[in-house]
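We just call them A, B, C and D in the order they show up, numbering each chain from 1.
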Amino acid sequence: MNYKQPYYGKWGGCYIPEILHETFQELSQAFISARNDPLFWTEFQELMSTYSCRPTPLTYADNLSRHFGGAEIFIKREDLNHTGAHKANNVMGQGLLVKRMNKKRVIAETGAGQHGVATATMAAKFGLECTIYMGEEDVHRQRPNVFWMQKLGAEVITVSSGSRILKDAINEAFRDWVSNMADTHYVMGTVCGPHPFPAMVAWFQSIIGQETREQFMALKNTLPARVYACVGGGSNATGIFQGFLNEPAVELVGIEAGGRGLNSGAHASRLTGKDGSAGVAQGYKTMFLQDDNGQMKTTHSVAAGLDYVGVSPILTDLWQQGKIRFEAATDREVMEALKLTMTREGLIPALESSHAFVQAFKEVGSMTPEEAVIINMSGRGDKDIFTIADAFADPSWKKFIISKGEEYGA
Amino acid sequence: MGLENYIKKSLKNRGILVMTHIVLGYPSLSANEEIIGEMIAGGVNLIEMQIPFSEPVADGPVIVKANQSAIAKGIRVSSCFDFAARITRKYDIPFLFMTYYNIIFKYGPENFLKKTKGCGIQGLIIPDLPPEEGEDFFAACRSHGIDPIMIFSPTSSLERMKYLSGHGQGFIYCIARRGVTGHQTSFDKEFNTYIQRCREATTLPLAVGFGIKSKEDMAYLKGKADIGVIGTKTIKLVEQKGVQAVSPFMRSLNVLVL
Amino acid sequence: MNYKQPYYGKWGGCYIPEILHETFQELSQAFISARNDPLFWTEFQELMSTYSCRPTPLTYADNLSRHFGGAEIFIKREDLNHTGAHKANNVMGQGLLVKRMNKKRVIAETGAGQHGVATATMAAKFGLECTIYMGEEDVHRQRPNVFWMQKLGAEVITVSSGSRILKDAINEAFRDWVSNMADTHYVMGTVCGPHPFPAMVAWFQSIIGQETREQFMALKNTLPARVYACVGGGSNATGIFQGFLNEPAVELVGIEAGGRGLNSGAHASRLTGKDGSAGVAQGYKTMFLQDDNGQMKTTHSVAAGLDYVGVSPILTDLWQQGKIRFEAATDREVMEALKLTMTREGLIPALESSHAFVQAFKEVGSMTPEEAVIINMSGRGDKDIFTIADAFADPSWKKFIISKGEEYGA
Amino acid sequence: MGLENYIKKSLKNRGILVMTHIVLGYPSLSANEEIIGEMIAGGVNLIEMQIPFSEPVADGPVIVKANQSAIAKGIRVSSCFDFAARITRKYDIPFLFMTYYNIIFKYGPENFLKKTKGCGIQGLIIPDLPPEEGEDFFAACRSHGIDPIMIFSPTSSLERMKYLSGHGQGFIYCIARRGVTGHQTSFDKEFNTYIQRCREATTLPLAVGFGIKSKEDMAYLKGKADIGVIGTKTIKLVEQKGVQAVSPFMRSLNVLVL
């Protein structure tokens, strides 16, 4: 990937208001000089290994492998990052850039809240002011993360325009940025948005793929047959896939949110199925879920972090080239896969990550034990406690919340 | 005769022109029509009509809400064209479309331009299409006889402005300040240097928009710029005082040549 | 420490009902053979580095060090373990022993719920049945952990006898064990209880101290001046202290729960202050908080995991020898230290761990920048969301819970 | 004359002796006194009085609750001694203390034994003090003329039983099954082998406790053991039918020699 140019095939670009032109120039300069400075990556790796827990392990899923009786299943453990998801990689990387650009404030959008928590954490660590934009619906379904962002010192602004989810939070963040770009950096949370964001986020997340490849090679002295990653904006997928791009032996599988089903209209599958079409929004060109007038649709997923109308231009290009296979997992399948993973391996993947597990579980049984697959566990499920409790209609949790509510109401 | 000429000619009778803004379909097309009538009656010189988009990233809360509401009520791009065709036949001041690039991209740029031309629209303002991305499209605009309006901002350098101006036609839309539409703008020394830089960079007329809302603002801008843009202010006015408040307000903005 | 004999100075022992005699013989055998088998430790380390994230980082707390302007502060990041606390070390170690003993079921007590979650996780991973005993008060204040234990497949039994906290959960676990010891192993969660539990748990947790020493030496080529760890039962403290025992240059500081103050009667300070006295309960001899008749007192701490009436016999012995200094931190001080740590370093220590931060914060300012201290961050604070929200009287959280309660109640 | 002789002598008149259990202070000391009166009237042969402890780890829910309640009501070790002194003077069957080791440890073992002896108690049952920990204390018991009652369990090997027996005096308390007090015990082949092993290991009389609650149980045990221990059953009986139900129940347990 040529990190200096804004297009991946015909996707990407930099569709920004003139007011941000200078800011993007500056950001591109800072990014290019960081990429060209070998010390930067060393500093980044150092930070991630002392402040977070990199390299994160590659865990062999003994029980699940046996359960399906096919390919061996390995799990890349991004859940063990500080703040509980791969989002930390990107955020800490951008934090180092912010220091170089000498800005005093960061803003970010967040869907699942993981990116918001990671950004609030980075801001605390680097002594920056921090404002997080989050859709009203996501504020509700990812409430613990809102609480922690605030406790970490960030201001959390609830966005109630549009569909009140991730894309709307991105719009609000841009609106903040066009007012405050002089001292403010916008920490984009995924491999989307105007250039150089996709290139930059992909670079920071490539640490996942680098590690995974090394770890797998050290174990097996060969490559995995398939690599599975969920795709919201696409950052964890782009991160792990970069370790295996252009390896014909490795099939890369991206899993989008199938919501209530690909034919239900209530999903967030931009590349899988027939609902996506080319468009330009939020500063870049990609496949969007939009109507025939170009108005963005309301998406749906049980996983806030996948509930997004666009997808990384990098992935759209690789999809178009046939280098990544795309699939979708429904909300219901996700809960089943989560249950199985919790009870068989003692791992609690985030609802987002659970999408990747769904597809792997569908496929490994018909592969051979000589083959191996890797699932990217992009984050942990702690944040999803309210959603999971609702999905399982957990009676004792409900009772607890009712009584806690009464205690507070009194 | 082209927007540039129209503007220069009109400036003979008026100290600074007024361009107003409406969101098509908000609160409804028929209300739009009434409001436009009031604007014309109030002596407005140009009108930009925004084709709603679900992600109006450069707009502030009032216009965002208007966009959302128009879409929720079912506004379609085709009805915007129909409306424009009728209005441009009815009134002889210039009308422009303002919209975000996806509306054009999805419609098909070539078709969009044909339709735009066909319904008598004279200019296009696209806040999220910089020339780096829009070069071909702006050329197509010009060849269809539609003026692509370039946008200057306080963060644009002189050199950048010259580059932008090279792609534009009709006039330049100068954003008065950082931020989105609908907030207060303070005219200070920094603003004056900015407008001087704009003048230096281009021979096209200058429109100043974002936060312009009173006769005082217009009077201040007179001599510095050629057009003052009234945006959010009209929406608020209609919401608070009704449609019939529009023409008196517009009339009040008239700044004499001397 | 001689791991074969039950006493540390005059503390420890094995005060068990006859019915458990055979079981303890078997357990001691298994433990001794594991200790004598160098492959066992390798297997343990391997498991902890592939399933959890060991070695966990030693993070330099730049901002806090500057804030206090004295000694440099380093933080050992046990919060980055899988399941979020040091408890995983002990649990996974005992899990390997369970496999060797060929038992089919595990039981455990839990206070903060971290040990319970870790045990439920280990049970899922190793394919064991699992029952967790938890005091009614702790079930309430650590509700998210209860939820996760259940979702991981464990049965959680609420204990409403006694003070309804940790010690009572231990009693219930013993009552289960004396019925089911044939196929059941009791995974004691801390360095307490009858021999060989203290020796065994200390051994598994020594991985913290080993790593910390190596990491610090690699960074500084010298030893830290002080090491701080909170002390509930004492496992995280025993773990990290073992890396620095018998080093006269290193002062070891254990921090107990000061609750509402040492003179309030509402605390859990067995060694600090004057309220503790020698006793025998829960199978071992140590300093307990008891009345003059030998009845155990009701303890109090904002941190469920420190809210315990006894303390490790190993630590009591080292305290008596003057090798560890003991201090107490009050509930209020803990909230202040937590706040500072969140907003300055982007770290969210568990309420238990925050006790260690309190004492370090009191002391570092009067030390020199040439000195360094290490704080053991035994776990992360995610589990404490309800308690922290209550302590900060967070209005938006309360509003959320009230509305969620109404939704469930409807 | 020592418990062992007392037991052997009593067995001449009865197929199997009955030892009952009470928790001191539950529901109150005066209720305890009434209940003991009923027990004696019902022909009970020995009584173990439990000094409450906050952590009764070997007990099941009913006795746990009784311990907690007695402590909550303020029972003290000194009042247990006073009560014992009065009761042992009043009735001439043997009384024992059952308690957990911390009660003794905290009181001071030497003082505790003196007091125990002084108030006429003849034996001590301490479920959480194995001889490995209690060797010295058991020796002190014996030298004070108090019988330390050792506990056998179904998991104890023959060798282990012999070792335990070496520290004991008076009789052996054989736990009928795994688990805590208060649950059902099923007498099966495994139980029989266990009791045979107990007999082989010691010459001391055998008491069988945990889950004994009816005449049928007593009849089954006759010949196998020397004493059947009625524990939880009495507490439940009093709770459900009142104090006066105790003596008829105890009388019903009498199993003849032949």
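One rule holds for everything that comes next: a residue touches a chain if its C-beta (ideal position, glycine included) is under 8 Å from a C-beta of that chain, and two chains touch if they have at least 3 such contacts.
The structure presented is a predicted model; accordingly, all values stated were derived computationally and were not measured.
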| item | value |
| --- | --- |
| Partner chains shared by chain A and chain C (touch criterion as defined above) | none |
| Length of the line joining the C-alpha centres of chain A and chain D, rounded to whole Å | 66 |
| Chain centre separation in whole Å, for chain B relative to chain A (CA means) | 38 |
| Distance between the centres, which are taken as Cα means, of chain D and chain B, whole angstrom | 97 |
| Two or more partner chains touched - positions in chain A | none |
| Residues of chain B whose C-beta touches two or more other chains | none |
| Chain contact graph, described as a line, ring, star, complete graph or other shape | line |
| Those chain pairs that satisfy the touch definition | A-B, A-C, C-D |
| Touching residues on chain A, where the partner in the complex is chain B | 13-23, 161-162, 167, 171, 174-175, 178-182, 277-283, 285, 288, 290, 292-296 |
| Parts of chain A lying in touch with chain C, wherever the complex brings them together | 49-53, 56-60, 62-63, 77, 80, 82, 120-125, 127, 140, 143-144, 146-148, 150-153, 339, 342-348, 382, 385-386, 388-389, 392, 394, 396-398, 400-406, 408-409 |
| Residues of chain D defined as touching chain C within the complex | 52-61, 64-65, 68, 71, 76-77, 100-103, 105-107, 127-130, 132-133, 151-157, 160, 164, 175, 178-180, 183 |
